[in-house]
Structures are given as structure tokens and as C-alpha cells.
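Each structure below is given as C-alpha cells.
Same chain, two partners: chain A is paired with chain B first, then with chain C.
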Partner chain A sequence: MRPYWAIVQARFRMLLQYRAAALAGLATQLFFGLVRVMLFDAFYRSSTAPQPMSYSETVTYLWLIQALLLLLPWGLDFEVRNMIRSGTVAYELARPTDLYWLWFSRSLAMRTAPVLLRATPMFVIAALFLGLQPPASPMAALAALAAILGAALLGCAITTLTTISLLWTIAGDGTARLLGTASMIFSGAIIPLPFFPDWAQTALNLLPFRGLMDTPFRLYIGHLPPQEAIPAIAHQLVWTCALILMGRAILGRSLRRLTVQGG
Partner chain B sequence: MRNSLKLYLRYLGISIRSQMQYRASFVMLSLGTFLTTAAEYVGVVALFDRFGSLRGWTLAEVALFYGITNIAFALSEAWARGFDTFAGMVKSGEFDRVLLRPRSTALQVAGQELQLMRVGRMAQGLFVLLWSATALNIPWTLGRIALLMAAILGGACLFSGLFVLQATLCFWTIDSIEVANTLTYGGVEAARFPLTIYRDWFRRFFTFGVPFACVTYFPALAILGRQDPLGTSLWFQSLAPLIGFAFLLVALRVWQFGVRHYRSTGS
Partner chain C sequence: MQVLVENLVKTFQIAERQPGTWGAIKSLVHRRYRAVRALDGISLAIEPGELIGYIGPNGAGKSTTIKVLAGILVPDSGRCEVLGRVPWRERVAHVRQIGVVFGQRTQLWWDLPVIESFELLRDIYRVPPSEYCRARDELVAMMHIEALLDTPVRQLSLGQRMRCDLAASLLHCPTLLFLDEPTIGLDAISKLAIRDFVLRLNRERGVTVILTTHDMDDIEALCSRVLLINQGRLLLDGTLHDLRARVTQERRLVVDLLQAEAIQDADATIIRSDGNRVHLAFDPERIAAADLIGRIAARYAIRDLYVENPPIEEIIARLYGETEG
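Showing the complex of A and B:
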């Protein structure tokens, strides 16, 4: 356990150095958030039909998306990709650690450090000026926090899976894009999931992606009552375990047929 | 002029051939961009399904805005890629070499790369636009088609102008300013919908500040034959896309000013 934790810490400290990039990203995301909020505002003013979420719930959901957007398994670990392209991935194999958990630790740092830099200021600004509401209740806050941790682990499992897929397709970042797009839309990052048609909800419930954003956010606004937190978080964990097992199995198979290029 | 054009086409030929060496990668990346942009559109369709209309606009009408914006942006992303990644050229000192050649700097930077994978976004925009064109009940006269083309090209010029301005900033900052992305990507996000749905200050910024309204909102009104709640005339709406071309010309002037202030990093 110790070496993996050390990797997380080291990568984490390194990634925390990119503060200027975080600031620029913050401005961009504030802008995007504003556009989205205005869009929903216009939609709510166009219709009196009952909606799955109230306007203020939606606004809170939208700002939470912007605050935690980088938790999504979007993009991949470019250092590992370059290692695979250049063949230095062989060094990774020589290390006395388990390759899966090594990459998992890397992605854990990669997903959490930028979020920590960005989420707090975003949260404060949105709460003070832009209509982000506080959690529905102390219990809701606790449940949301637990679900965010679950979302981070789930996101890492997906990221690690995309990293492993690079062993199979040297040139294409295709799998990364595909999984990234699926995470984007089916997690609720494009529009809050409750707005999708009712017939789609069953499928959305089965897929793992809901746990990345929708679950913690709806727990936060109380749209999902705290007593439903246990099954919701269990859903995240079951999928995380399944994806880890899948990743390990694929990694095992790829290593048996791995040809290291270059010299 | 003809000579420059020939050179530019030659640059493009080289770029296309080099990208075609990795055909599988190209296909995957284009497909990826297509799916990503399509996913965003699915979100819009879902919202219209829930709310019915957007302040009096139907999905088919909004799709027209959506298509124009996405095609225009895809075009500019493809041909202005050199400006988008210009910070790398300044940092590495590569720009010194550009200055030594007896050709326009803007031409050489633009010729760095024609990003073919943008065809994914373009195809998606085209699908949405074609669907919109058939779903809308408007006669597609020659004038309307010409205006649509002008809007798309004007939009592409406007986005390219933004990329050029963003690159020009690098002469002073060396590093790329990510904040500039807010205007390009944020502009795409905002211009995909009729600008009247936004707050007044926001709409004004995208009319007078960065004139996206001139390449989407006004020409689209003329194409749809809708009365403008802001009270502009049909004449103005039809000529508005010219502002997009003018924007690019101004941006190129600013670029030339920036080039004169270039100081090599010396590496």
C-alpha cells in the first residue's frame, strides 16, 4: 500500500504547481457556467409545464458541474501514453509494484489535484454571487461528500481502463475519446440527467456514469433524499470494483502479448 | 498574391498527406469529435423535449444557429490551427525561422497545419443544418442559400480572427493565455442559440464586443424571415456577415503590429 500512496502524494504535489492554468480554467468555466444558467433560465421562462427539477435546484446542479468538471475521466495520462509510444513502458514493468495500481494511483492524483485547485474558488464565487444553494440538509451534505469520493474512485477506474487500452491501440486515443464522451453525456455533465426523457432513465440508472456527477449532485440538492444514499453509493462502488476487475483482466492479457517497441 | 496562394495550397497538401499517413488515427479522432459534438446536440434535443420551445424559438430554428456555428468553428479550427498552437512556436524560437523567409508570416503560420480531424465537428454541424433546412418551412431561394454561405464563412473568419488575436498575445506573454479560449469556445457555446435568450449585457458583448451576432443571429433572422425584436432591418441583417470578414482583417493588422514587437526567446 505504501508505495502507491507515495506515488499519489508525489504526483499530487507536482500537479498542484499548475496554479496559473487553474486560474485560467476557472475563468473559462465561470463563463461556461453563466451561459448554461442563462440557457436554462430562458427555458424555464418558456414553459409552465412541471419539470423534473426546480429552477434553483437546476442552477445549483449546473454550478456543481462546473466546480467538479475535472473529476470526469476526460483525456488521458499523456506521460503514460508517451511511455507506451516510445517503449519506455518497459521500465514500468521492471518496477517491483503492481502495474495496475501504479497507474490507478497516478490517475487518482491526476483527477483530484486539479479539482481541488479549482473547486473551492468556483464554489465560493458561485455560492456568493451566482445562485449556488447550500446543501439541502447536513445529512445531504454528508451523503454528497461520500458520493463525491465514490465518484473520484469510479472516475479513476475508468481513466485507468483508458490508459490500459492504449496498450492495444498505439496510435488512436479513440477509446479515451469514446469513454470520455460517454462519461460526459451519461453522467449529467452536458445537461442534468433528470431532464433526459423518462424512457431513458432506466438505462441511465444501469450505466456506471451516473455515479460520476448526477448521484453526488442530486444528493446535495436533496433531489435524491439522504436515505437513498446507501444504494446510490453502493451502485458507485459495485461499478468501480467491476471496472477495476475488468481493467486488471485486460492488463493481464495485454502484458502476455506485449511487444515493446524501440530500444 | 497568386504565388502566395500557390504556396499556401502546397502547405495544405503537405499537411494533408502527412495526416493521411496515420489513417486509422485520423478516422478514430474524427469519429470521436463527431460523437462529442453530437452528444452536446442530444442534450439540446432533450431540453426541447422537456420544455417545448425556447422563448418562442423551435428546435428546427435553433438547429439552424447550431449548424452555422459548428460548421464555422470547425472550418476555423481546421485552417487556423497554426495560430491556436502558436505559443509553442514562440517558446521554441521556431518563429525566427519564419521571419527569415521572404513570405508573409500569417501565411506561413496558417500553413503549419490543416487539421483534418475537425471534419468530425463539421459533419455533425452539416447534419444538423440539413435537418433544420428540411424541417423548416422556408423556400430555399438563391438569396437565402447565399446568405447562409456568407454567414458560415463570415463566422469562420470571425473565429479565425479570434485565433489570430490569441496568437498575437503570445508575442508579449510568450506562454499561451488560456483565458483567450473562453472567447472562442465560449463563443461557440453562446452563438449556438439565438442571442436574445441571454441577458442584455451578455448579448451586447456578443454584438458589439465580439460580433458573433453578425454572423449567426442577424443572418439567421433574415433566412428565417423573422421580425427582429431588436428592430434591425432586413438590409442590415443580410449584410451583417461582412463584419466577420472585417474582423479577420483587423485581427491580421493587429498581428502585423505584434510581429514588429517580437523578441526571440533565443533558444
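Showing the complex of A and C:
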């Protein structure tokens, strides 16, 4: 564990330095959050049909998206990308570590450090002024917290998969965008998943992306009761394990046909 | 035997595209690949404590060999054992025993101070704290990098960075060190520092070093044995002396005359004369150096003279030229 933990810590420390980026990001996400809340406000005012979530539940869901948005496996690990393009990746293989877990550790730091920087201020601002409700119950809070950890691991497994795809395509933006966009839509980060039509729900339940945002948020607002936390978190973990196994298999094959760029 | 390689072959598939837009469109439908044999049946054996110079023109297969021996690349065929292991099969156990430096790239974390990179490597190699402190202090003293430890890597000069990179590759006390062009782009003083360090490492600690370089001074200063490779094949395996003998027996006689004049002798040819200094080439098989000197000293007024070997660059250039065909 020691090497991997050291990598997570080092990168974490490095990413925490970017204060200006965190501040700019916070402002952007506040703005987009407000736009979204206004959209749903208009939607609730103009419709009399019963909705899958109450207005205040929806607003809370929307602010949780804004607070934890960076947990989504969006974009790729530029450090590894540069290493692969320049051939420095040779050093990664010259280390006595498992390459998969090395890259998983990198993405763990990459995904969690910026979230920690932004989530807390966003949470406080939204709770004080913008209608973010507290968790439905202490149990709901606990379940949501566990599911957020599950979401982080799931997001890292997907990020690591895009990192590995770099070994095949070098550019890698394609896979990253594809998976990034899929994560955005099918996790509920664009429109909360309960608003999707019934026929889509079965597919959404099968896909891994629900676990990235929808699961922890619905546990938080109590739309998903705490007793359903166990199967929901199991869903996250099963997908995480499946993606890790898949990533390891692809990585193993890639390394056999690896070409290191440059002399 | 520390390194044993038999008949190693490695091919790379290179996607070929015709130039221009039409070529780009065509390659969408049909890709043509060309196989390039980077290693074409390399065999070699290295004993513990050797300091090997691995030379050859660009694209000869030097770096590929190093990467296979370091467990980074998997060859197509052939046998390879390093420190009793097949590098790519037991990569993790293997790389724990070796150190690698690729001169063109750094293994230090760009944004971190040097010392933090060292500590990360300590954790990655799971070096016990006491051993780490000893190794670090020794290396820092040997490389004179005490003052650099708190500087972020991005602010180091190339020479400083290379010294730190070398130290970084040795924190886990490897018994075998691969240096891929460690002196590339360095100034004379930095080169000397690196050479001095590598030599001490080899003499005092018995670390086996395999070094690729284009700098023949590196080879002359360091290497007891030279391996010459071109187009994936090993062309020569011997001492620097063997290398010279293989190309030419020729020796040089440099004569400083009291006044400028042309030296004429049946067994020597003038290759250059600037002012009072004349460079002569002769074949020691046909005439012994002492006889030639005696003859010339008897006929011309001489201030000074000395015998030397043709510069190693010339030898290598001739060898590369020979092997292109």
C-alpha cells in the first residue's frame, strides 16, 4: 500500500495548490447552478402534473450536483497523457509497482483533491442562501456519505480506463469525451435521473453511471430510503470491481504490444 | 553472469501514411503497416562489475535493448535473463534490483522540490528509512547536490537535473544501472562530474553499468568494454583497442618543426599541416614509430613531436559508414 498511498498524497498536495482555479470553478458552478434552479422553477410553476421529486428535493439534488461535479470521470489524466506522448512512461514501468494501481492512485488524487477544495464552500453557500436542504435523516446522511465514497471509487475506475485507452490511441481525447459525456448524462448530472421516462429507468439501473451522482444524492434527500442503501452501494461496488478487472485485462494486453515513443 | 541475452528480436509495427490530405483519407479505410526490426538477433553476456559502453548510430536499437533489459518492453523472441530473472515476466521483482536513467527525460516530479521526489521514490521502492537516509546522504555528497534539494525540478539547469536524476536512480541501491545517454546536451563540467561519479560507482561499489552514448569521450574515459550495434545487429564486442584495430592500424605522428616545410617520407603521408605543425599518418606494421621518428629527426629541425591514435570519432564514423551497406 505504501507506494500507492505516497503517490496519492504527493499528487493531492500538488493539486491543492491551485487556489485560483478552485475559486474560478466555484464561481462558474454557482452560476450554472442558479440557471438550473431557475429552469426547474419555471418547470414546476408551469406544470400541474405530479412530479417524481418535490421542488425542494429537486433543488437540493441540483446543488449537490454542483458541489460534487468534479467527481465525474470527465477529461483524462494529462500527466499520464504527456508521459505517453513523450515516452517518459518508460519510467512508470521501471518502478516496482503494479501499473494499474499506480494509475488508479493517480486518478484517485486527481478526482478527489479538486472536489474537496470546491465542495465545502459550495455546500455552505447553497445551504445558507440557495435552498439546499439538510439530509433527510442521520441515517440518510450516513448512507449518502458511504455512497459518495463508492462514487469516488467508481469514477476512478472509469478514469483509469480512459488512461489505459491512451496506450492504444495516444491522443485519447475521444475515449475521454465519450465516457465523460455518457457519465454526465446517465449519472443524472444534466437532468436528475428520476425525471427520465419509465422505459429508460431499467437501462439506467443497469448502467454503472447512476452510482456516480444519482445514488448518493437520492440517498441524501431520502428519495431512496436508507434501507435501500445496501443494494445501491452494492451496485456501485460490483460495477467498480468489473471495471477494475476490465482495466487490468486491457492493460495487460497493451503492455505486450507497447511501443515507447521517441528514442 | 549478470546479464545473458541470446538471439533477441523485437519488431515494431509502424503505421505508414502517404503524405497529404488524400493520403490521410486513404488511411481511414486501409492502413498499411511496416514492420521495423529494432533488434535483429542480439546476443551478449555481461559479468558483474563491468562497465559497458553500448554505442551505435541513432535508431540502431540501443534504447530498445535497454528497455527490454529493464523489463519495459517485451521482445518477440529470444532468451534474456538479467540477475537471474526474465525481466518482463517478473517485472516488479526485476526493476527493484535495477536503476534506470533516460537522459532525455526526467524521473523527478516536475513541480516538486528534488527532496520530495527522493522521498516519493523511497516509498515507491519501499526502502527502509535508515537505509534511505544513508544512501541519500552518500549520493548527495558524491553528486554535490546538497544546495539543490529544496529547488523545484523545473527550475534546475540540465546539468543539475541530470545529477539529481542519477542520484534518484540509485536511492534503492541497485546492483545494475542502465544509463541511456546520460551526458546528452551537458556542458563539459557537468559531463566530467557525471563521468567521475559513474566511475566511482563502478570501482567502489561494484555496480555494473551499461551506458549508451554518442560521446566518445564518455567511452574513452569509462568503458572497459564496448558493444557496437547498428540496424539491430551486434557488430563488435570488445575493448576500445579492438575497436580501433578492427577499423585501422593507423597511428598519427604530430611534428612541430622549427620552420614551416613539407615533410617527405616513403612510409608516412601528410594528412594536415597548419603552420609549423604537421600531422602524419603511418602504419606501424610497415614501420615502427621509433624508426620513423629517428628518420624524420635526422632530416628536419624539430622542436617537438608526439604519437597519437586517430580520434575515436573518426573510427566510429568509419565503422558506421562501413555498416550502412
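In the analysis below, the second predicted complex is superposed on the first by the 262 of 263 C-alpha atoms of A that agree within 3 Å, B and C clash if a C-alpha of one lies under 4 Å from a C-alpha of the other, contacts with A are read in each partner's own complex, and residues count from 1 in each chain.
Rule of thumb we're sticking to: a residue touches a chain if its C-beta (ideal position, glycine included) is under 8 Å from a C-beta of that chain, and two chains touch if they have at least 3 such contacts.
This structure is a prediction, so every number in the text was calculated from the model and none was measured.
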item	value
Contacts of A:Gly174 with chain B and chain C, given as first, second, both or neither	first
Greater chain A contact set [chain C / chain B]	B
Contacts of A:Ile190 with chain B and chain C, given as first, second, both or neither	first
Chain B versus chain C as contact partner of A:Arg256, first or second or both or neither	second
Which of chain B and chain C A:Ala24 touches, first, second, both or neither	first
Partner chain in contact with A:Arg45 - chain B first, chain C second, else both or neither	first
First, second, both or neither for A:Ala94, with chain B first and chain C second	second
Residues on chain A lying within both footprints (that of chain B and that of chain C)	none
Residue ranges of chain C touching chain A (in the complex, touch as defined)	12-13, 58-59, 63, 67, 70-74, 91-93, 95-96, 98, 100, 102, 104-107, 109, 111-112, 116, 119-120, 123-126
Contacting residues of chain A [partner chain B, same complex]	21, 24-25, 27-28, 31-32, 34-35, 38-39, 42-47, 49, 51-52, 169, 171-174, 177-178, 180-181, 184-185, 190-191, 195-197
Chain A - residues contacting chain C, complex	2-3, 5-7, 10, 14, 86-88, 90-91, 93-98, 255-256, 258-260, 262-263
Contacting residues of chain B [partner chain A, same complex]	22, 24-25, 28-29, 31-33, 35-36, 39-40, 42-43, 46-47, 49-56, 177-179, 181-182, 185-186, 189-190, 193, 197-199, 202
